[in-house]
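Each structure below is given as structure tokens.
Below are two complexes that have chain A in common, paired first with chain B and then with chain C.
Entry: the complex of A and B
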């Protein structure tokens, strides 16, 4: 039983506001991926470094990021740090929370990618006179990023979807935040969230498709 | 003779197959259960006691209504934004959830006459210098997402053109943020504000002022077309006041003093 009369015109008139929210969502996802990839490369280096404390940092990060809910991570950035007097805006809390999660997952992706690269390549590079850093930077890193390119797009899709968790830290400018605020005012729940779902779908689909096209161009042997 | 028996049989069969259209009120009485959506992190209206049972003004109100209908009450926990989906999907029959009766919302759901009226207070972090509600201008303020006071406060922040508005998901998060100093001030019902200041769960907060908004009349809601049920609930609310039960519940959950008047002066209804 479903007792509801759909009135699309009322909800559709809020479309411009929702599209603005979608831009904020994309912005956060892109930034969080940029931060996430940078940190993940760093954590991968920590793991490769052979230093115990450094690889312990990397392992702890990956364990927490992958084995606790993203919701919890974002909440802790806002209210956990808030308890220590570190006050981050909803935007920053959400961005840092998602970036933290991204970094954890991507580090694991990179580990998998590294396993696919024969170790002999490092030795070959070294025997050509490259320093360990040069060998990583010029030989290993490009291949690692290439192998993990598609998993990275997965994470990007996740990042888009995770922005909706911003609600727990009072984020109200992203797509979900805008939608739920409109909902509180008008009670047109089903139309509004259906529209939001379509926008989310279009964004994520566009990301996966363009990533595939990009991969086909970039990685032609 | 034969034809009339046949006709009678046919009539009986149609009557069985197509009973008179039963409305929600019939359904509730027939099923023996009244399912109420209640928000349970909104004390003193709704919360959970030490043994995790739902308690509060709204919970009692639902129980009273069920008793009047001669059925058992079933409390279904909900959040403010989830009230409408629960109603529309048929998970609950009505919502006793402090729902403000705005005209915008009345396009979608059916409201009864008001069953309670809130006044709202400005609560601030102790470190913030504030004496009137207008001092919220330019500050970081927040309220519980989806509530009347949140809609009001956000409108004010937009009107002032400075400061920041943050809608937290639950009342508890709002007061946590306020206590931590992430928020400078919030607007919450006087009942909730006093309860939270008194409980000591959120140190470092103080009540500053009352807000100048129109009293926040809240009503019971159900599907818009359920006139039979809305009618019944209107009478029920009237009887609650008439019999003194309204005052009794107020004393039990809110405290001493008089509950807000549900009469709007100078208008028929």
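Entry: the complex of A and C
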């Protein structure tokens, strides 16, 4: 037991490359969250619109996103769309896959948040002469985003963790991709992935902490 | 689209993959829940301060991608310790701990939802700690924790798609193998996705129903 030579120096020498990968990981997570939140707001509007086909689209999206593995969704974007002759780069496939997943989960979070906002507020806003869109935009939306701030933070952490799934579409510029490529060259599996794990840990902790600080500043009453 | 090269043998192959997915999930959820309840009760019992080391360790499982956890565990066991152990065992072990990390939080939340006064009343009636736990806390905490636990179990089933990295051929991996051979990605992925959906959707709905039914209002 333990006749294994740890070679931390060798693995640590590739730290700059891995940190660059970490930047790509953060970039994908942030972009996917931005797209996810936008789409989720749109889907929430679909649900509120009262139109049957529109809310059917929203429900289908949410149920598929929540009831199949994220890995499957990314795979579907890359190879499934490939079946239609649409070939996306690994980067785009990963981004779209994660954004799809985010949008589904966030729509469900928004639904929960909407329940906490009294129906009477919409009616009050409408009585004041606001159009339905104005009422949503000025009265409902800010509260909805505030209530679902914590779930959104969690989703952001999930987005970071999900970037590692890019492995399945041969993504090689994000943190996981860079690490596994270095691994294929040097075979220092344990050392390299331990470093990657530490980087992931630091990123997720930084996100939760900064979100908490941000919430404390933003949501003072 | 229905003109496919898929044979009965391939379907059996897919079914085996699906069976593997369910097996890994069942084992991990079973052991993960036992460990999770244990950790959750300990965490509650000794208070947040003394439980800090445990919370930190469990937190690691929730802050690092499962894929990396699997690779690390596999590398540690097979190359660092030099043990001969199957990928299946590694997958089940890692997934169990992963489940336990989430389950501990759910259990703690469940216990905390039981009003302190109710438990003091139980103890005042002469119930022992064990009786208090089994007759007062367990039924009440279950109502709060069960819907989340169902969500967790489904989450583990979906996350079990990642165990391909330690050479376990589960549903998604077997689909992948067939795609490489048959070159019909869309059709095969539909089958695979449908399987996950058909298992996950009804159970998720049931969880939602329980949550609504059991909420205190």
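Here is the rule we use: the second predicted complex is superposed on the first by the 218 of 221 C-alpha atoms of A that agree within 3 Å, B and C clash if a C-alpha of one lies under 4 Å from a C-alpha of the other, contacts with A are read in each partner's own complex, and residues count from 1 in each chain.
The rule we apply is simple: contacts are C-beta pairs under 8 Å (C-beta built on N, C-alpha and C of every residue); 3 or more make two chains touch, one makes a residue touch a chain.
What you are looking at is a predicted structure, and each value in this text was computed from that prediction instead of being measured.
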item: Joint occupancy of chain A by chain B and chain C, clash or fit; value: clash
item: Partner chain(s) touched by A:190 [first = chain B, second = chain C, both, neither]; value: both
item: Touching partner for A:149 - first (chain B), second (chain C), both, neither; value: neither
item: Partner chain(s) touched by A:205 [first = chain B, second = chain C, both, neither]; value: second
item: A:181 touches, of chain B and chain C: first, second, both or neither?; value: first
item: Chain B versus chain C as contact partner of A:165, first or second or both or neither; value: second
item: Between chain B and chain C, more extensive residue contact with chain A; value: C
item: First, second, both or neither for A:87, with chain B first and chain C second; value: first
item: From 1-9, 37-45, 55-63 or 73-81, the chain C stretch with C-alpha clashes against chain B; value: 73-81
item: Doubly contacted residues of chain A, that is, touched by chain B and again by chain C; value: 1-4, 79, 82-83, 167, 189-190
item: Chain B-touching residues of chain A, taken from the complex the two chains share; value: 1-4, 10, 78-79, 82-83, 85, 87, 89-90, 167-170, 172, 177, 180-181, 183-190
item: Chain B - residues contacting chain A, complex; value: 80-81, 84-85, 87-90, 102, 104-105, 107-109, 142, 145-147, 150-151, 154, 164-169, 173, 176-177, 180-182, 223, 225
item: Residue numbers on chain A that touch chain C, as the complex places them; value: 1-4, 63-64, 66-72, 75-76, 79-80, 82-84, 157, 161-165, 167, 176, 189-190, 193-194, 196-197, 200-201, 204-205
item: Chain C residues within the chain A interface of the complex; value: 60, 63-69, 71-72, 75-76, 79-82, 154, 158-159, 161-162, 165, 172, 176, 179, 184-187, 189, 192-193, 196-197, 200-201, 204
